[in-house]
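Below are structures written as structure tokens.
First chain A sits with chain B, and in the next complex the same chain sits with chain C.
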Partner chain A sequence: MEISIKQLEHRYMQGTPFERRALHDVNLDIPHETFLALIGHTGSGKSTLIQHLNGLLKPSAGSIRMGETILEAGGKKQDLKPLRKKAGIVFQYPEHQLFEETVEKDIMFGPRNFGMSEEEAKKTASRVIEMVGLPQTVLSKSPFDLSGGQMRRVAIAGVLAMKPEVLILDEPTAGLDPAGRVEIMELFYDLHQKNKLTTVLVTHSMEDASKYADEIAVMHKGELYLHGKPREIFNERKALQEAGLDVPETVQFLLKWNEKSGQHLSLSNFTIEELAKSLGQALKKRGS
Partner chain B sequence: MLQNVIIGQYYPASSPLHRMDSRSKLIAAFFYLFIVFLANNWITYGLLIAFTAVTISASKVPVRYLYKGLKPILILVVFTMLLHVFLTKEGDVLYKAGWLEIYEGGVIQGIFIAMRLLLLVLMTSLLTLTTTPIDITDGLEHLLGPLKKWKLPVHEFALMMSISLRFIPTLLQETEKIMKAQMARGADFTSGPIKERAKAFVPLLVPLFISSFKRAEELALAMEARGYRGGEGRTRLRALEWHNRDTFAIVLLILLTLSLFLLRS
Partner chain C sequence: MENIISVKDVTFFYPGEETATLKNVSLDVYKGEWLSIVGHNGSGKSTLAKLLNGLLLPHEGTVNVSDYVTSREDDIWEIRRQVGMVFQNPDNQFVGTSVKDDIAFGLENFGVPRDEMIKRINESVQRVGMEAFLDQEPHQLSGGQKQRVAIAGILAQKPSVIVLDEATSMLDPIGRIEVMETVRELNQNEGITVISITHDLEEALSADRVVVMKMGEKAAEGVPDAIFQQRDLLKSAGLDLPFSLKLSEALRRQGVELDRGYLTQEELVDALWKLA
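What follows is the complex of A and B.
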């Protein structure tokens, strides 16, 4: 699904002394099947922005187009269910939203709300539980008997069961152990490619962004600060640092390497594989 | 979505009312709750309204803001007023249609009751709007201090209160967060028949309960880890100070009470 955000502005608690502008003049187009990483310091407006994508928050000014649906400031009330089915959000710490007696029922909650039949929802539940790497036996357990990491996976399964076309991930790996992080991120990346999803990943991690994203958008103080391909963004180290961020460690390494060795390795080799390859070549050249 | 409830919410500003000692405000508000019931004719109600209006203007809380917070209570006020209008049978008949009779006494009684309710709510809202929750609890602990002699756990009550006050915003935030998460999964909290809507709250309440219990346990642990052992010998960061303006407010209230006694019929 194509996403197009135009001059989006959001103010919290409008009309009270606590009014606060969280977003200002955000313009962002996300083409179909793009993996976009949304990066920013805490309080930069990332979470506010993604909550507009399925109508949880209404724009104070500007508009958002999600495929056929248009959400705009002062627009008429519309049925948001079709949009919410298509745009699945995995919130921060999604395990807090579990409530049912069994894992299966909890996973079925979304699909049932969106009108899937009981039987089909059950089938979906047993399919997605495998996808998130948990055994079928978990389905009959209470979600509150599981470990934190397992609960996270169940909650993610609950969103995947809705078969969304747009996957919005708000720091899905926060608080997980390193192995779990990689597994979950690989799962999302796999889904993104196989099901031709449009994915928006909110993250603090430049490493994750460099590994998975086609495009990176940097938020700073409620505004869209930088937007482009990863290698374009990583060339703007000064600007990133101003926004309280930095380039990924691979790029930091490349910069240091170039400084110390006097060579000019390209900064666009920022994945671990590319970095290893270009280093190998550079060393060989030196040796010969 | 939970932005319009102002009961218990502090309005940051610098006004004479904000600067008053929380003890004098508590005493005054408590006292006011009683003397509102002294009013029983137009003059005494007028006097109370004037007093409340002056207090509101001294608080620097915008009237529009107050009104927004009063909106949910207005339904209750109108409902009680209508009950009195229809059910009180005193004085001359003003209007008659079939079985429906409206008496003059009913209308007056309805207006009085509505005013009484509004005045009560306005004054108590003003107390919380101009006093931070922490100040209120400190004030309460002070005022109830003498009860310690009778082994009443005043400090513990105050602590319980400040903890619960402290966690109201957290709980609201959490509610909003979980509501959003369930709405993203297709839950509908705002439409449908009552029965369905009540059921729709289960996915909200279960996670809220669980996180509240968890948080309570964590807090207890954190307090114990830092050696908390009750109020005995604890000093305060913020000392309460009684100023002339506090005495002035109390005197004003006593004068109001005396005039109410003189003017009521």
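What follows is the complex of A and C.
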């Protein structure tokens, strides 16, 4: 699904003495099947932005087009169910939202709410539990008897059960150990590719942004501050630092090396392997 | 070295659980050190933290804080004054309606007189660099600032140990740096012992010692240099290798003849420079 955001403005508590402008003049097109990383300092507006993508917040000015649905300031009240079915949000610490007696019921809750039959919802639960790498036996357990990592997978399964076309992920790996973090990110990346999703990932990890994203959007003080391919964004270290961010570790290392050696190496991607290759070649050249 | 906390043969079960969350764990914490505890989710590290100031009590074994024992009811208040905890979620530990009130809350619980209270509040906000925010309400603060207020609340009790239970994991990079620098100053300048439960390997690298927890047991203990060279141990404990070590390995695969794995970027840049 293509997402098109035009001159979006959002004011919290509009018309009260507490009014605060959280977003201003945001223009962003996210083409179908794009994996977009949304980065920015706390309070930069990224959470406000993604809450517009399934109609949890309404624009104070401007508009958002999500496929067929248009959300605009002052627009008529519309049925947001179709949009919410297509745009699934995995919130921060999604395991805090589990509530049913069994994992199966918890996963079935969304689909049942959207009119799926009991039988079909059960089938869906059994399908998605496998997608998130948990055994079928988990379905009959209480979600609260699972480990933190398992609970998070169940919560994610609940979102996948809606078969979303757009996946909005708000720091989905916060609080997980390093191995769990890699597993969950690989799971989303795999889904993104296989199901041809449009994915928006909110993250503080420049490593994840550089590894998975086709495009990066940087928010700063409620505005879209930078937008481009990872290699374009990570060329802007000064600008990133002004926004309270930094480049990935591989780039930090390369800059340290360039400073020491007087060389001007650059990277075509930001993996450790690429960095090692580029340093290895540079050393050989000097040696010969 | 002098012990400030001794954990001896501790086993702990959560109610209704059949397997122990902690199995026969022993651990000494030295006065003034920075100890990082790392491990996979569910390895028992947060449970261990809660045993250190008697929020949880062991089923077997003992936890001593200087001359006090967590299982002795008369000791528990003194232990909680000495061992302050900062938890993960900044929004769950702010109890007051302003920074001032929040710090006062803890002191009231200990019956500190008003004049003394005001003095301690002013001192402790200065030590975490929050003196400009005394009358601010919690919702006006960033996550990093809230955690610093939580630390000020602990400092006002004149503690000897601060336990950080993933205290920076919900913060953005700037908030993380803010909090870590605050704690580092307290550790280095005032000799406060720091126990940091963390997934952040770069943070663990700068600790004096590291404990690795795995499936409820202590899998290893030692200085970062020794711990982080054990890649199999780290992998099996659900942990990653620090960046500079991974890069050292990748460079070797490219035929760069490094004599060993390096732990920090600076050391590795220097080692490469000498090869060139």
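Convention: the second predicted complex is superposed on the first by the 285 of 288 C-alpha atoms of A that agree within 3 Å, B and C clash if a C-alpha of one lies under 4 Å from a C-alpha of the other, contacts with A are read in each partner's own complex, and residues count from 1 in each chain.
Criterion: a contact is a pair of C-beta atoms (placed from the backbone, for glycine too) under 8 Å apart; a residue touches a chain by one contact, two chains touch by 3 or more.
Since the structure is predicted, the reported quantities are computational estimates derived from the model, not experimental observations.
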State whether A:253 touches chain B only (first), chain C only (second), both chains, or neither.
second
For A:279 in the superposed arrangement: first (chain B), second (chain C), both or neither?
second
Would you sort A:81 into first (chain B), second (chain C), both or neither based on which partner it touches?
first
Touching A:126, do we find chain B (first), chain C (second), both, or neither?
neither
By the touch definition at the top of the document, which applies to A:109: first (chain B), second (chain C), both, or neither?
first
For A:13, select first, second, both or neither according to whether it touches chain B, chain C, the two together, or no partner.
first
Between chain B and chain C, whom does A:159 touch in the aligned arrangement: first, second, both, or neither?
first
Based on the superposed arrangement, let me know which partner A:97 touches: chain B (first), chain C (second), both, or neither?
first
Decide which partner touches more residues of chain A, taking chain B and chain C as the two options.
C
Can you list the residues of chain A that touch chain B in one structure and chain C in the other?
none
Touching chain B in the complex, chain A uses residues 13, 15-17, 51, 54, 56, 81, 84-85, 88-89, 91, 94, 96-100, 109-110, 112-114, 144, 158-159, 162
Residues of chain B touching chain A in the complex:
3, 11-13, 65, 68, 174, 177-178, 180-188, 202-204, 206-207, 210-211
Inside the complex, what are the residues of chain C that reach chain A?
39-42, 88, 142-143, 166, 169-175, 199, 201, 235, 238-240, 243-244, 246-247, 250-251, 253-256, 265-266, 268-270, 272-273, 275-276
Enumerate the contact residues on chain A facing chain C in the complex.
41-43, 147-149, 174-180, 182, 204, 244-246, 249-250, 252-253, 256-257, 260-261, 272-273, 275-277, 279-280, 283, 286-287
